[in-house]
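Following are the structures in question.
You will see two complexes here that share chain A, one where it goes with chain B and one where it goes with chain C.
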Partner chain A sequence: MDRRRFLLRAGKAGLGVAAIGALGWWAHDGQGPSANIGQAEGVKLPSFAVKGTEKRLAVIKSSHRVPALRAGLEALGGIGAFVGAGHKVVIKVNAAFATPPALGATSNPELVAELVRLCLKVGARQVVVTDNPINDPASCFELSGIGPAARAAGAEVVLPHPGAFRPYTLPGGRLIKDWPLMYGPLAGADRLIGLAPVKDHHRSQASVTMKNWYGLLGGRRNVFHQDINGIISELGRMVAPSLVIADGVATLAHNGPTGGSLEDLRPTDTLILGTDQVAVDSVAVGLLGLKPAQVAWLGLAAQAGVGTTDYESLNPTKVELG
Partner chain B sequence: MELSRSQSSLTQRLLSMAVLGLLALVAAVVFWQQGRYDPASWGWGGAAGGGAGMLADLAVPGLTPLGPGEGFTPATLSDKIDGKAELYLAAGFESMAARRYALAGRPAAWLELMLYRMKDSRAAYSVFSNQRRTGAQDSGLAPNAYTTSNALYLAQGPYYLEAVASLPEPALKQGLTQAAQALLAKLPAAPSAAPGEAGLFPAQGMKAGSVVLLAKDAFGMAGLNEIFIATYPQGGGELMAFLARRADPATAQEQAAAYAAFLKDNGGAPQPAPAGLPGANLVEVFGAWELFWAQGPYLAGVRGSEDRAATEALAQRLRQALEKAQP
Partner chain C sequence: MRIVTTRRISQGFFLALFLWFCVVATVGERLWQLRGWPINWFLELDPLTGLTSLLASGSLYAGLWWGAAVLALTLLVGRFFCGWVCPFGAMHQFVGWLGARSKPLKERVQRNAPHPAQQIKYFLLAFFLGAAMSDLAARLALGQVAASLAGALALGLVLLATRQGQGGRAYALAVGLVLAVWVAWSLLAPHGGAWLLAGLLDPIPLVTRSVNLVLLPLVDAPARVAWPVPRFYQGAGLIAAVFLAALLLNLWRPRFFCRFVCPTGALLGLVGRHALWRVGKKRARCGACLSCDGACSGAARPAGRLRPAECVLCLNCLDGCPENDITFAVKPSAGGEAAPDLSRRRVLTGLGLGLVTPPILSLSGVLGPGWNPALIRPPGSLPEDEFLRRCLRCGQCMRVCPTGVLQPAGPSFGLEALWTPVLNMTIGTSGCQPRCTACSHVCPSAAIRPITLDEKLGNGEYAAQGPIRLGSAFLDRGRCLPWAMDRPCIVCQENCPVSPKAIFTRVAWETVLGGLIAGPSSGNELAVSGKALKPAALASGDYYLQSGAERARIVANGAHSLGLTHGTDWRTPAPGTPLSVAVRLQRPYVDPARCTGCGICQHECPVSGKRAIRVSAENATRERSHSLLLKGAGPG
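Let's look at the complex of A and B:
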């Protein structure tokens, strides 16, 4: 081969390599995959917090949920402080699993029903009970007892469906970006109340009211388990609720978040209600034998300004019903 | 020797075009697939395993199946058990089948069988032992099987069964037992209560049913995998003995040194080895004692107690047990 031909061929080969590299560069998606839900328009999640109710916290000691709920709401100023005539109220329950209520892996149906009744009693025009469960939604709501109890109390039970999800990006968020949010039940809502059981959690140590917002996400959300503390703190930033309630009357103290055996439960006789979800969860983790400083996601949420782990600074109302 | 364009044969040119066409096709398929990226399926393997077949055929006397059942893979296990999936995935999960059965005429009285297929019997023992309930009763069905007031759990071969009843009723508990018996007839026989080195812990004073296999990152140390622990009540507290067989003595030595470094990095204060345990690592961690060593291919130790004398005494017994095992 002569020099001229060699240079010509080397040049062609170089151009070929460069072209392939350019093609790869052009096709490269630097942002990575999003949870594509079609062409739906993104949404913003409004604050559901009620002005004038900030930093309220009540800890009720009782082995009976319904009287504890009534006493707790009374301690916070009454249900009327949060729900008014004509309001659409969304109650975000934990209906994650198709398990019976006795196992404590889901929100207690008696508590759900009583909360629905109280909201309707003060004039709410509509009460929606919803969740996007881990298991089959219809089975979860039926077998957990939440669906029948909520409907009997006058609520509308809304199950997830494809049209309910809209892309959502948490402002300044690291994980929740262009992710499907179950916005349908929240559309037009005036109030949002979170109602969650207190549970041990294999990944996050504890699952209480902030982790409960996980049930508003859609898509392959299990990818977030790789950064469980990060996602829970972002969930706390994502939702500004009107009120959250942590049910620790019986705590799922072992083998959470599913449990399975009645022996996984421990009677802890405590219902915690408040408007600061970090404070509520900080009280709740104590029922699992943990201090707030031992739970990473609480620290992250507090750092992000979601609330305080120093719940005593809120001067909580403590009531013992016996 | 070189060929000019005119010297290339028709066959060579056709072959070249075919190769280039094939490459173009591969590029087009990659591009098309990238546009249809599904984060749910990318990078995950696994398919429903044999467990699904076992439950599909399983009849339980007096109980009616509620539907055909479900199957879960490593990619979908969290759809069933949420964050607890990590426990199974870390241990070596392959597939899970679930099916519900109800008492005739009583839809609220039901039980659910969840049959996990793990990579091997050690993995099955790991998830079984990690979730053992306090106050559990020996079921008598298999070496690794117990009941609680509403559930039955067992590990046999590479399988782990969770059978959970919605209510603590005798009829449902009977259903749990019958379902477990029917499944056991299909599962490979299990020769012993716990696999491998678990049998080397000193039996005297050991809390019954306390042997647990930690599959991954034991004691918070990344890479400290496949560690057996056993609990020994001591006064008002407990001592924990641990044991792991490594590929060779050098690996056991390396892990002992790595664990010592890990403890030191986390506030531990190394102390001189006790006279009766030459070569051992003694580390005080915020008032509690960690005493561990490599012995042949074994990494062994005692941890977590504030009672140094009791820690050393149990360590001596563990060392002697290992000497007997590998004279």
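Let's look at the complex of A and C:
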């Protein structure tokens, strides 16, 4: 009887010894942590450009945004040329600041809503409206009117949250290296449309559709302001959008990019749409009284092959809606 | 239905309602958002909140009159609030039940025996009342009737509550002496102030703060109902430590906090000890099974001489008596009643300590020359003295703040400011959003008075007085990139939300590279020698080639060549001309006349640790003596 008990106990003890040993073996790490501990795997950003729509540009003169958007898309071949049935469409708005729409520091909510409706009308499966704003994200989307307008039009509004960011490296890039990119809303997207107001910017002279991609970056992205022209041109290289739209119906001509007063706005009655971001922004800086050659980031982006500052060479469709 | 089941349903209902109010305190119109939910109702019900606020500030703001209703009802039925309504009490009751459920009757009777430490709560009550009425005599002299009446009520309550008996004359003498010294001193003393310190341990502010700033951020991080991004509160550990200690001590003594600490319970006990209806035995002699003592939440000893002030009306005794010998009636208990275990001396000591505490804490000069410029208060905050008379430290403002810029002040801000709201520009999602007034509208005691957007922004009828300033931004030129490191930046200027901007720039040229010599040129290309350049490093658009007093912008560069753009006044330098490279810097300056102290610049500053531009409380609107600029002087 004693022997049996002993064997039983010895067996249990042996199991314990084996279990502890196995756990130690399994958990053992002979190397120690590497230098790049805690880094998630990087993502790649596909091109969202639609084949056959290259070098399209339309400049619509109008003081009304919604008819201008319709006319502009018509001039580019219709929304159907860019968005098709079953597509997931991401609209990257500029919701940087928690200011009301009338102050023009953020994408116009009516314009956002109309674009959402048009995408859904041609059969888009899902439309996501997103940005990683500068001010408090929830306040930005609510106060700018973009959140309520986009939701009412049937879009999903995605705010930045820690899980949405993944490290990204721009191939051949100098600044965007292993940097947090707001990849969450872009995952599985078929189309990406940029929609930004035309704004004065003291450091870079102008903020339009290329600068708008800044809102896809996370982390302490403001360090890039040391080389603002370099980062804007890299943002242009990073994103190959399906379409970009610059809203210069009213231009934030002073005190940008925040504005804050109606007196900072100037009516310029222009909506610019195109597939060449450099060309669209080159038209847009004209609304601020600048020539493309004066704006360093346009030159750098053109040099890098993102597009052309000589927008007339694209034979833009010009429409006056009166 | 059993009466204790009814009580448990009531406790569960009010606890759930309380937690619901914590969850919905998010700005928004959806059902689970703020809309019109009365999220301050529990704070308002707490009579100590109202009483101390009335004593210290002289007014009973908005819904704080609910506390009077609770006091009145307590006069009729005793501490119903503790046993049936208080959400913190419900938590204690539950944890206490967990700890006692498997204990034998003998041990439970032992744990529920009256303990001398139960008088600590009366001491604390006296202390907090004292601190809130420290300068009441001065206010009385100023004719503040409401506060004076409340003071008389509080004093009378505390003094009458102390045990009657021998030495009445000596007692009256002692009281008279204390009062005389107090009146004389508060009229003469240079260090005024009467502060609402009660919020440190007042149960409803304590539980509100703990749920809002500790529990909710923990459980909401994955759920993202209350906030879209994870929320941080500095010093949450200390708040949690108090909360967890209060909860876990129930395992040692049921309703530990209620029995030994709760100053609101003490107040309700004093008011309700002669309640019209009360718990009591029907017969003086019963079977003495002690099952009532074993079940008594408040350690009120129902089997013996009952202590009505300790009875929290849980009615466990009534429910559990095998002889059905306990009742809730208009008669005193047949077993006799005992006054609360109060020593007159201790209560007077508490009161006296309370009275001297604000003046003692004021000695560090917090309201005068020792004021702390890091104490940036939310927009609409009253001047610091008035603020400390009203702030309950409940954390509602910090809960509702959409950016999380509002934070509980830690111990470094002093005991008087502990857990009051202070702006921390780096921990939230932004600075104080210019078009938000949420905190001023949820503040239950108007320490942050309600303001309109027009008042905050200085629009409309407020145009003449200008916007509400929380402080002013100051540049730290030793940390600022364009000031100290020859790097362009001006993120602060870009993000300044004021129009015209409160941050402006002046252009400066700094030579960053010398010793270059001009070579041959062709068009806009210029060959240079003397030094090898790092290809493309000067092509960012911020660097310029200098030749004498003239400059041309560098748009491309190789190791020995530069691509330039230039105006008409640039003359291509002849070969052999000495050249240098300069960086064009826009250096930021703050205009304190425009700066509102919102802190958005500080939040965005790329110097990620200690920022190169920081807000401090100088020039805040709420303290005229801290203003910075002379009116009507200077070019602005």
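Methods note: the second predicted complex is superposed on the first by the 283 of 322 C-alpha atoms of A that agree within 3 Å, B and C clash if a C-alpha of one lies under 4 Å from a C-alpha of the other, contacts with A are read in each partner's own complex, and residues count from 1 in each chain.
As a convention for this text, a residue touches a chain if its C-beta (ideal position, glycine included) is under 8 Å from a C-beta of that chain, and two chains touch if they have at least 3 such contacts.
These figures come from a predicted structure and were not determined experimentally.
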On chain A, do chain B and chain C fit together or clash when superposed?
-> clash
First (chain B), second (chain C), both or neither touched by A:R237 | neither
Which of chain B and chain C A:R191 touches, first, second, both or neither = neither
First (chain B), second (chain C), both or neither: which does A:A27 touch?
-> first
Have a look at where A:N135 lands relative to chain B and chain C in the superposition and call it first, second, both or neither.
-> both
May I ask you to decide whether A:R220 touches chain B, chain C, both, or neither, giving the answer as first, second, both or neither?
-> both
Which superposed partner A:R203 touches (first chain B, second chain C, both, neither) = both
Should A:A102 be classified as contacting the first partner (chain B), the second (chain C), both, or neither?
-> first
Partner chain in contact with A:D264 - chain B first, chain C second, else both or neither | both
Looking at the overlay, does A:H161 come into contact with chain B only (first), chain C only (second), both, or neither?
-> second
Overlap of the chain B and chain C interfaces on chain A comprises residues 97, 99-100, 134-135, 143, 201-203, 220, 222-223, 225, 228, 254-255, 257-258, 260-261, 263-264
The answer for chain B against chain A in the complex is residues 2, 27, 31, 34, 37, 39-40, 42, 78-87, 108, 110, 131, 133-136, 148-151, 153, 162, 164, 166-168
In the complex formed with chain A, which residues of chain C make contact?
-> 28, 224, 227-230, 402-403, 428-430, 433-436, 481, 487-491, 493-501, 505, 536, 539-542, 553, 555-556, 565, 586, 600, 604-606, 608
Show which residues of chain A lie in contact with chain C when the two form their complex.
-> 97-100, 134-139, 142-143, 159-162, 174, 201-203, 220, 222-223, 225-230, 254-255, 257-261, 263-264, 293, 296-297, 299-300, 303
Chain B partner contacts - residues on chain A that touch it in the complex | 1, 23, 27, 29, 33, 35-36, 96-97, 99-100, 102-103, 134-135, 143, 201-204, 207, 219-220, 222-223, 225, 228, 254-258, 260-264
